[in-house]
Structures are given as structure tokens and as C-alpha cells.
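As written, the chains take the letters A, B, C and D, and residue 1 is the first residue of each chain.
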Amino acid sequence: MTKVATLTDAVASIPDGSHVSLSGFAISRCAMAFAHEVIRQGIKGLTVSQCVTAMEADILVGGGGVERIISGGGSRGRFGQHHCINRGIEQGTLIAEEYSSLSMAFRFLAGALGLPFIPIRSLRGSDILKRLQEVAPSEVAMVDDPFTGDDWLVLKPVVPDVAVIQVQVADEEGNAWILGPRWTNEEQLKASKRGIIITERLVSTDMIRSEPERTVIPGFRVSHVVHLPYAAHPTAVYHAYDFDADHIKHYAQASRTPEGTREYLDRYVYGTRDHEEYLELIGGASHLDGLAADPALGY
Amino acid sequence: MTAEFEYTPLELMAAAGARELRDGEIVAVGLGLPVVVSFLAKRTHAPNITLLFELGVVDPEPVDTAVGLADPRIWYRAKILSSFVDMLGTVLHKGLVDVGFLGGLEIDAYGNLNTTLLGDPKGKYRHFTGSGGANDIASYARRTITIIRHEARKLNEAVAFVTSPGYLRGGEEREAAGLAGGPSRVITDKAIFDFDPESRRMRLVSIHPGITQEEVLANMNFQPIVPDAVPTTEPPTSEQVRLIREEIDPDGMYAG
Amino acid sequence: MTAEFEYTPLELMAAAGARELRDGEIVAVGLGLPVVVSFLAKRTHAPNITLLFELGVVDPEPVDTAVGLADPRIWYRAKILSSFVDMLGTVLHKGLVDVGFLGGLEIDAYGNLNTTLLGDPKGKYRHFTGSGGANDIASYARRTITIIRHEARKLNEAVAFVTSPGYLRGGEEREAAGLAGGPSRVITDKAIFDFDPESRRMRLVSIHPGITQEEVLANMNFQPIVPDAVPTTEPPTSEQVRLIREEIDPDGMYAG
Amino acid sequence: MTKVATLTDAVASIPDGSHVSLSGFAISRCAMAFAHEVIRQGIKGLTVSQCVTAMEADILVGGGGVERIISGGGSRGRFGQHHCINRGIEQGTLIAEEYSSLSMAFRFLAGALGLPFIPIRSLRGSDILKRLQEVAPSEVAMVDDPFTGDDWLVLKPVVPDVAVIQVQVADEEGNAWILGPRWTNEEQLKASKRGIIITERLVSTDMIRSEPERTVIPGFRVSHVVHLPYAAHPTAVYHAYDFDADHIKHYAQASRTPEGTREYLDRYVYGTRDHEEYLELIGGASHLDGLAADPALGY
């Protein structure tokens, strides 16, 4: 059964107030075209979760549609901090449930496995835990290990309404491969009630059947498959294209202020009707060709 | 032994860090100087260390300088590309990471690290990166090594926010919180510290060549334990410097 | 409607099982007749069902008959080859399996299944297969269908060992034990049963063509609930029989 | 660092009384040559764990070296029951901790992740749980979900002393791929204190680096790599060779009685010095050629 859809339709399936789990990690495999379309459609009140915060989450916050972010923290590495997220936290307009990488990974894993709670050794003794006990007291608790009597911190599973996963290869049913490290994308997708797959390449189900060990996204969990090359620009997609350093620097500079963010959104998001127009605006085919990955290096 | 060649403070720090790694150990690495430290150890006395990057990368052989862990340049020729659950779950949480590298906005007298915010979290403050895997690594790597610039604003009696716990307020507090391992070394561009086994307060181990004890202490916002005689940090060897400049970090992005 | 062609009892059972599957459902399949049932449904009214095999196989298209789930013949052209944790953890334990197929040494009046032992487990007994994924599927597939031969020794008031819980001793006992879902159908070579919604005792739904109610009851070691009028089981269509014989099970290994 | 070793040396590293987790599932990827060598070396008092019982566990029990088996049950499918295991259970000479597939999978997963316990919805209401509470009362317990108040069964992690995993492809460090479904082999290996890898093919580490997404066994967990083609005979190794139906039937018949088992062991295990002699005895190269997998079908 084909689930191939336009980005417009896939985004339109997400009601205001949904919990959306995003596939990006800093500057890699970020669902940028998805975030742009969410902003264009004016979807509001979102909860966003991801293991390590990334550029699509930052621009979604900048676009004003995010009420709460659940993550293990993060930055853009040498491209600096996520200004929109940090500004939202500092100004109190964004509720941040901040964990660590492993505690997010375990929360997604617990969601994926249908566990009611998962024990973890992280967070103990830290101000992260103290703050969570204020911001999200219903998500953390202590349990006695019935086998040893030790006390253990346990975390509640995360069960997002929808996971939006940017991949390299998918078929029309949504069976998909992720090349390179998967960070927590497999757990996020399997924890969620459904998945939206944004894929660089759409392949036949016969191709999926030819290397079934690689299928980390099961099609039966997926509601929409959007075939959209360069949908992660300006972030990197391993074995497809490199990150666009100049554009990331441009965004980094613009997003330092609310005004700059607004100008960026006006130009690149509201000023383009869709992803195709966005790609034309940032330089079109000749610019994108310069980002294409070297097949041996993968970037 | 005297070093009759030029080296930078970062090269000295890299060599000092590399000396902390023993062959065969499993090392959780972040980006930046720890990458140089780890590859330096691997190419000299510790060829069988295993390098883990939290997102799911084991033992890569990068040929280009990366801008972060999310940059595919750092994944090149990895032996494993997997996931956070695999790295931080089945290796770190399982208790198999020997050494973790950490950094931060500030560290305090008991090795607690802050990568989350500066200012007063109850009032006006600036938010930064948060934890990532740092809290996890700090919670149960067998030992952690922090590399940080030697500036008073980064070396405080207590941090504004404990992102990654060290010895908390000292003594047995860390164990009481249910945490294993703990900070073993802090390497700055002026000195190396460890932690007093009783009080768990930071203690001066060695001072880098050309730096005075006064310079070390004047640029700290707390008083570390200072033994009667503090030796000079061993400088890098010429071979170490050559490896860093020619093979590990030819662009000087990390240790330049 | 009368069937004017020959069909075997197993073909009738396969068709009856296939009718229980709705398009789009996720089905946990074991080897044997459930494979025929599932492929028959998939090739007729339910092209979008997803077939899971517990060891980590999704939607294969086998071309050769397999001797068990461990036989690579059943993995051929799968869409996913993964693991128990993936199938039974992220799909079944997550609550996504709509229908699970079960079989066993014996089933009892409340749908409890035994695949572990016969005889007295406190004294002399014979040990058999044990659970595999059967207990897991019985514990929380939304509904389960058991396919079993209609012999008195296999249909008992209570099983010697509850490997896979049905409604336990009836009423609300299953819910009280913390279990979801439950048995929905038992398909034998003589009849089809469901379970009374109150008492949860097995109840006769239909009797296969050519079989009398006396034959059904005489070959059971317990008395099921028998409604006043029991219809005849709908026979397979000629197209169903053709599909089984020519495409799904040409060697007659499962439904011969 | 090379960990390539002879089977003799790898087996000799296992002390009496060890807990050994085995990779087989019914008639696929069973560590048969390993089991034979354990029997030849007379290692005793073993605890054996595996998700679904398989032929190498059955012959190990038949050889008299196994004291306890922890599994989710199992058989050889159309090749019948595991007679040695069942006889041991019936006669009380083998302690059986019997779970279900998922409860074993979760116990290995908990061991792999360093979890102190893992909640599960299986086993409730069954006689499996009642019997475990008699046979292994320290391995199961009830815990209140701190988030909902519901009571949950929790299982203790399994942490074997060594996992013995039969794979298709490994390098000399022990980095390895498993083709086909992995059942619980990845979790077993990662739960264990160390791993022994038996591989059909020994490849370069460069080959491992060429497809690092496939490395499910990390070399740093492995103590010995044994390169031994046809080491799973008479069971199947996907994309290497098919199961040997005639030999399995022969074993199935022999193992019905203690005498038959003894005769089988005398001929095929004690009667051969090593795996090479065993392969000659069962028919040598010409027989094995007949089992070689079709590259398209994988069997």
C-alpha cells in the first residue's frame, strides 16, 4: 500500500498541540523542509522531542510553534549554540525538559518496547534531575530494586504522536534504511504512534527485500512517505550531501536576534511556497551539486 | 630531559592527556582536544584503545577535520556505526567505559561540571548546550578527565548548575548519590590537577613549564590543595608534536 | 451456496482462519497452518496485513516449504530481518499485534494452552517444547486464534500446565492477572469456537460441513457452551482452494 | 590486536561451572563444533542460556556437561523435540529455568544495557511463572509502577560469563556481522562478560570498516575469534550452507535414548580429534559442497 504523499499533506496531518519527535542531530539529517512547512502552515503548540537538539528544532522554535522541548541538550558544534531554543528558555516562552543523551535514549527505548518505566544510573546528584523534578515531576521517580534493595531512578517512556525521520532510502510503504549512525531515530520511530518518513531516494520494495537486515524503519509504523531530495538542507545527509557551511553560518548569525530570525523566516520560509522554491532561492541545482557527497567519503 | 623544540600549550595538554590512557582501555571521546589526545595515545603507547563517540561511532579514522560529532567527517572508516543506545547503553551504562573526556563552561573545586547555564537559574541567566552525553559519562565512566581553559571564571568554588556530577560537595557524597567512578584529572593550559582521596577537593599535581604557581592560583576562583613540592608537567616529546602536526591535526583545528 | 469441489479439512480450517483476519492488521504467525492462513488472507481480502515471525522476520515471500522458523526458506524476500527484541518487544509488547496464532498439545475450556508437558508435573511427566513466543503472544496480542486437532486428549477441562494463558479459570481472572486481549477463536478440524463474553468458557460457533454436533462433543473432554442453533462452517471457495494448492502450499506440507 | 585462536584454545578458556550463552536457534547457526570440543575437553557443570533451545545445547546436555539451562523453550521444528534436554528435565538431572522468548530476550537486553531489572507483561497468570518462582525465585519479582500504581512483573538481567556466537563474517579483532535474523545474539553477546566468535569467513578490518552499519558484534567485547568453516554443521548458516537434513534426522533418532546418544557421541565427537576429522567423517568436501547455499536464495 503506497503511503507516498506530498510534504504539504504529510504536515497537514499533524494537529496543533501534537508531540513531534524529530530526526536531526545538530547539523545532520535534520528535517528542515518539514520544519519550514510546519511554519508555513502555522501549526502551533507543539511539543518537540529529540535526543540531541538540532537545527530543525531551533527553527521550529524560532517560528513560534513550539511550546515544549524535551531533549538531552545540544548545540551546532563549531557553528555555535541554538539561539532560538536558548532564547526561548531564557525568556520563559519555551518549556524545556532537559535530560542527558542516555536518559533521552532510554526514554525513547522504553517507549519503543512498551515498558512502563526504565531504570537508569544517569542524572543522580545533578541539577538536571533537580530541575526535572520541578518542570516535569511526573516523568521521573525512584524505585527500589527488588533484587538488591538499591534505589534506582526510573524514567517514564516517551510516546510521541508522530516521529518525523529524514532518511536516505525508503520504499512507498515506508520501509527505510538509515546510512551512518542512527543516533536514537530507530527508537524514536518505534516509540511513536506513527511515523512520517522524508526520504532522499524512493526505491522499490524489491530493493528493500534485497537487504532486509538494513530495514530499521518498518513500513507498518509509517503513515506518510515524502520523497523530497535535499530536504535536510542546509544540514548533512550522509552519503547524499554535505552540510552547507555558509548557509548554516548565515542562519546562525540571523538567529542571534528575534528580528534576524524573523527576517530569515520571511525570506527562506514564508518567502517560498514550497521546498522547490526554497532550493531555487538558496542557489538551485548548481549550488546543490557542490554539496553532493563524495561516494567514497560519504560527505 | 629538556624539550629543545617549540610546542603549543594545547600540544602539551594533548600529550598530558594521552599519558593518562592505558593500552586496551575503552575511551568515550568528545570532539575537540580529546580527539587529538586519543589518537595520540593510539598511535604511540596505546594502539589497542577503543574510541567511542556517543551517537554511535567506534574507532573511526578521520582524514578531514570535523565541526562536531554530527559531521560525517568524524565517522570516516569507523568499525561500527550504530546508536546512542548501543554506545551509552550497552557500553557506558553496562560499566565498560574506562575513561571519559569532559569539558565545560566551568568546573568547581570538587570536579562538578556545568555545560548548561551561566547566571542565576532562578533569575536572569544565559542558557548553553546542556548535557548531551556528558552527564552520562560523568555518572559512570570509571574515571573522567576534564580539559578546560585556565581562567578564573571557569574555575569556581561551586558551579552555577551541576550538569555533570563530580564529587558533589566532597567526601562520600558522590557514592551516596549512587554514582560510580569519578573525576581523576583536570588538565588546563597552566597545570594538571587530581582530587584528594579523602576530601575529594581538587589538588595541584603539576605545573606546566614556564608557568609559576602564582599564575596558576591567581587565575582560579577557589583555592585547590597545594602539596609542598609541585613538579613541572612533562613536556610533549618531539615525536608526539610531529604526530599531532603532521598526522592527527594537520589543519591545527583542535590543537593549533 | 454449496461447494461443488473437493477440499480437505485443513483447507477448510485455513479458509476459516483467513476470514478472521482484517485488512491492515498486524499478525504474529507461527509455522504450519497459520502460514497458509495468513498468506491466503493476504492474497484475497487482506493484501495489507503485516506478517511477523517472532525471531525477526517481516512479510517474507517464501518459495520453498520450511521445516521451522529457523529454516532460512521462511525468511526469503522478507522486508525486515531483525530480532526477537524488535518483533516481540517493539511490536508485540508495545501493543501493536492485532492477531496472534497459537497451537499446542492441549487447550482447555477457558482457552489456556499447554505446550510444555503432559503428565503430572509433580511426578512422572513428559516435557515438550515449552513456550517460545506463545506465552508472549497469548499475553497481549489483541486477540488470539488457536488451531488445534479435534481430539479429546487435546481438549480438556483444564490443561496440565498453563504455558499460554487464555481466560485462566474464567470470568475476570485474565484481567486481574494484568493481561490484555485474549483468545477469540479456536479452530479445529470439526468446528469453530469462541468464548462466552461473561463466563469466558468456550462456546460452539459453527460445525464443519459433514460433521455432527455429537461428533464434536464426543471428542472433547469438557462440555463447551452450545447455543440452540449452531450453523455450518462456511466452506472454502474454489479460488481459496486453488490458491492454497497451486501457490501457497504446492507441496502440501502445511495444508495437505 | 588479533584474537584469532584455535577452537581448542577458545574452548580451553572456559572453566568448569561457567555460564555459556549460545547462538543457535533450533537448527540455525548452532555452535556445533564448539559444543563438540566442549564435550571432548570434558568441561562440566555449565549453565547454558539461549532464547530458543537449539541443537548445540541439546548435544551439550547429552554430553553430560550441563547442569542448568535457561531458555524460552524450543524444539527442532519438524525434526522433533530436543530429546537430551527433555530427558534431562524429566529425570531431574538438568535444572531448567524456562521462560518465554520475549522474557529471555528482555533478560538478555537488560544484561546488555546494565539495567538492574526490566518490567514485562509476559508470564503473568501462567504456570511458567509459578514454576520459576520455585526453581529460580531470585530471578523474578513484582514492582509497583511509580507512575501509575500498577503492579508489574520484573525480571533480573542475564549476565553470562561468555557468549559463543556463530557468525558468517568477522575480522581478527572480533568485529562481526550476522546475516539474516539475529534472534537474540546481539543482546546475548553484549550482556556477557566476553564473547567467543566462531566465523565462517575471516575478513580484513578494512572490510568491516566498509559497511560499519552491519557490525553487530563489537570486537572490543570479544576474547577469541575462531575461523572454522562449516562449524555449525549439521545446522544451517544463512548465505553459507543449508542444514543437513539427513544428519539431523540421524541425530534426532540417535538422541531418543541415552544409549543412542552415547553411540552418536562416540562416533562423531569422541571419535574425531577435531572439527576437520568430523567433517571428513560426515562426508568431506563432496558432501559439504551439496549443502552450499544458493547465493540468491541464501540457503
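Note that in this section a contact is a pair of C-beta atoms (placed from the backbone, for glycine too) under 8 Å apart; a residue touches a chain by one contact, two chains touch by 3 or more.
Treat the numbers as computed from the prediction; the structure is a model and nothing was measured.
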| item | value |
| --- | --- |
| Most distant chain from chain C by Cα centroid | B |
| Centroid distance [mean C-alpha coordinates] between chain C and chain A, Å | 41 |
| Geometric centre distance via CA averages, chain D-chain C, whole Å | 29 |
| Residues of chain D whose C-beta touches two or more other chains | 106, 113-115, 121, 150, 152, 180, 213 |
| For chain B, residues that touch 2 or more chains besides their own | 75, 81-82, 85, 89, 93 |
| Contact graph of the chains (line, ring, star, complete, other) | other |
| Those chain pairs that satisfy the touch definition | A-B, A-C, A-D, B-D, C-D |
| Complex interface listing, chain B residues touching chain A | 31, 54-57, 63-64, 66-73, 75-76, 81-85, 88-89, 92-93, 115-116, 121, 124-136, 139-140, 161-165, 168, 173-174, 177-180 |
| Footprint of chain C on chain D - complex, ascending | 25-28, 51-54, 71-79, 81, 85-86, 89-90, 96, 98-106, 109, 120-128, 131, 150-153, 180-184, 186-187, 236, 238, 242-243, 245, 297-299 |
| Chain A residues within the chain D interface of the complex | 106, 113-119, 121, 138, 141-148, 150, 152, 154, 156, 178-180, 213-214 |
| List of chain B residues in touch with chain D within their complex | 26, 47-48, 50, 58, 61, 75, 77-82, 85, 89-91, 93-95 |
| Chain B-touching residues of chain D, taken from the complex the two chains share | 1, 112-115, 173, 175, 190, 205, 208-209, 212-213, 215, 218-220 |
